[in-house]
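Structures incoming, each one as structure tokens.
Across the two complexes that follow, chain A remains constant while its partner is chain B and subsequently chain C.
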Partner chain A sequence: MSKPLEVLLLDDEPIVGRRLKPALDKIGCHVEIFESPIEAVARIDQKEFDIVVTDIRMEEMNGLQVFEHVKKKWPRTKVIIITGYAKMDLAREAMEKGIFDFIAKPFRPDDLRQIIARAAQALGTPIDLSLIKD
Partner chain B sequence: MSIIIISSDSEEIEEIIAEKVAVAMDYNRLGSQILTDVAANYQIDPVKLSEALETTPSVFKNMPSRHWRHYLSCIEAEVFDRLLKDNIVCWGLSAHLFVTGISHVMKVRLLSGGGRNIGKIAEQKGITVGRAEKLIADELRQHKKWSLTAYNLDETDPSQYDLVINLEQIDPTEAAITITNAVEYRKFQPMTYSIKCLSNLALAAKVNARLLESMVNIKVQARDSSVVVLTKASNRQKRKKIAAIKELAGDIEGVSYVEVHVKKNILTDATENPY
Partner chain C sequence: MDYSMLCRVIQGEVIMGIFEKFKKFTRKEPGIKKFCIQTIRFRKLLENARGLLALLADGNEKVLGEYILDRHYVTSLVDSTVERLGMIIYDACVLAPEFGETLYMQYDKHKRRAGELISQNGIRDKKNMADDTNISSDPEYELLSDVLTWLNGESSDPGATVIDFMRQTFVRVLKHLDAGNNSKVELLLANNISKAPGSNMFLLDLWEDAVAPSAKPHSLDDIKCIPLKLLLMDTDGGNLSPLVDDKNKTATWIATSSEYQLSLKILEPDCSFHLEATVSGHERSDFIFIFADASINTENILPQGFLTETTDYGKLAWKLDATSKAIEDSLISIGRNLSQKNV
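And now, the complex of A and B:
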């Protein structure tokens, strides 16, 4: 069996992590969830994740700062931004910095799974979404 | 890949550069040739569609506001439908004014300056150079007025664009190269969010075109398959109008839920036509 995809999920709203973790578990991801960006960044310093999914607006540190940190430490890691404050300028800024994808909340868990699958493909470790059992 | 929308103060220049860019990028073209398809799809005289893109509503020109809005909405719906396919250079359809907030759409404004050969225009029309200059100035003024009336946007305002090129200083080939280089920036690449925004606008445009066929005072927003329609009606007609909107909009492919918000319209209280 291939190695599971290591995913860090960061959102200061606890419900987001609680809702998305099971959805990503179903496609064989190993997910660690965080509500504090400081704690998430500390974990990123310890471990190379394949994918980091982060909210943008958070108290101690914003999602783009988390992205900068990830890029400096682990350039291979794909970063996906999820936000309830999506605007064209922010989307362009994030894209220009090098994020993998950007999605506006609310979204269906399957929308995120599709993005994760594309990120996995880009990392050379494709996952098969047809195996999902809901 | 991205979408490039080119607009200019000269239709000729717009088309020349769009063609160069389409060839260089191997992109599809989306220009005024689609008006025949719009006319066929919505059963409208193609001449009326062209007129709607050039003139503001006027009873004297046989273009009442209600029809004008409907014609424009049909063009918008068709343009959005085609933009969903991506890798497109679009021009000549005023898409720069109604395709808004989509990060993978790069908008370019070309200032023709000396690129417009006044002498040639004067010769073609059999008028003096001075008269040709005045004609062009009037045309520009008219089109600015059109953009403000149709979309409440001044198309001559450079802040509406991602890239503005003055063809008095940059030759057309260089301009096309500049455009093809700029669209390669990561910020103009599609992402899940921008694709979703575009499909929401496309669905809203489709509903808008359907409703404006028989109604006025319609604004439509879409999110996924849910549609919100804002309208005006008198107390007397409110219920009937909501039912009609729900029926028409709910019939459109891709719509699963319709919500209607009605503001009171005192003016229609006294009229027979509910819409």
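And now, the complex of A and C:
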């Protein structure tokens, strides 16, 4: 059995982690959820995640700062940004800086799973989305 | 002729050109212009109503629970609703100024309700943080559900929901517009505008006739308006039904149109029928809207696929988000049905 994808999920809205974790578990990800960017960054310092999914707008630290931190510490890690409609320009700017992709709220869990599958492919550890049982 | 003289001549011609246009513009009959502006404003009202229905549809889709959404989505939905409703009320007050005070008072109530919903959000969020792990009681979803109830929930109080208030507003505007049907015919005749030869329909070009009404009647053969061409495709020389009990009566219709837009209505004192359509080939903007008063049996007029709402005054029917082909086919069917004397 292949090693599960290590995913860190950061969003200060509790609903995001609560709803996304089960959806990502289903595709064989091992997910750690955080609502505080400070705590998430502390965890990133300790552990190399395959994928970091982060909200862009948070009070203590924004998603781009989290991305910069990940990029410096773990260049291999793929970062996906969650954004609202109002922040689409910022997300596009982040794409130019090297984030893997972004997704705008509201979205379906499957939309994120598709992006994670592409990120997994890029990391050389492809996952099979057809195995999902909802 | 030297350069400076040439410039003066050109400037003079330009100024004269503008002056001639200005003279032409001021020569227009204000009544016709007002009628055309009213038509444009009513279409604006429909456009805003469509925007409001789209917000409701989006909320209804999101509340099913498949989406990851946040407070920002719900508060944006509330803000957009208030904004769109404000535009509808503004349009309605321009069209039917006598309802201004009543409509704005009701609008203010809805704005207050919107404010309450958003502030309720914070209270629910705190409650959720204290002791909730149940997905079905996510505060964002609870708030969205409350917002949708405000938008279109069950209520016995007229105008309590946004959609019912919008419906009432439409009826008020339509009643107001229909009140002057006789004077509209007089206005057209006073401006030497006559019906299209061989038809019972006045044809007005929405833009050209607003500036300067045409001296000679527009012919059905000259129609540039795509939706009107479709509507009259299967009719007998553009003669539409009187829609009243006396089927031998010759009813008067008016079609105000531009290339892609049609506003069609009957100009009879005891009958109200409005059709608004856009056929441009762009599916997101094409639509048909119909209002028929309670005396008209719309089952003989409407093809399949229309959404309808019945009010005390009559029936509202619309077809949105359909393919261009479906809109075109519907217009042909409606035209065919309207040309039958037994509708």
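The rule is simple: the second predicted complex is superposed on the first by the 130 of 134 C-alpha atoms of A that agree within 3 Å, B and C clash if a C-alpha of one lies under 4 Å from a C-alpha of the other, contacts with A are read in each partner's own complex, and residues count from 1 in each chain.
Everything that follows uses one rule, which is that a contact is a pair of C-beta atoms (placed from the backbone, for glycine too) under 8 Å apart; a residue touches a chain by one contact, two chains touch by 3 or more.
Please read all numbers here as calculations on a predicted model, not as lab measurements.
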item	value
Partners on chain A (chain B, chain C) - clash or fit	clash
First (chain B), second (chain C), both or neither touched by A:Pro14	second
First (chain B), second (chain C), both or neither touched by A:Phe102	first
Partner chain(s) touched by A:Phe34 [first = chain B, second = chain C, both, neither]	neither
Touching partner for A:Phe67 - first (chain B), second (chain C), both, neither	neither
Contacts of A:Ala91 with chain B and chain C, given as first, second, both or neither	first
Contacts of A:Phe49 with chain B and chain C, given as first, second, both or neither	neither
Region of chain C that runs into chain B when the structures are aligned on their shared chain, from 99-107, 243-251, 261-269 or 333-341	261-269
Intersection of the chain A residues that touch chain B with those that touch chain C	86
Complex interface listing, chain A residues touching chain C	13-16, 18-20, 84-86, 105-109, 112
List of chain C residues in touch with chain A within their complex	62, 66-73, 76, 128-129, 133, 135, 138-141
Of all residues in chain A, those that touch chain B in their complex	86-88, 91-93, 95-96, 98, 101-104, 111, 114-115
Chain A-facing residues of chain B, complex	101-103, 185-189, 191-194, 196-197
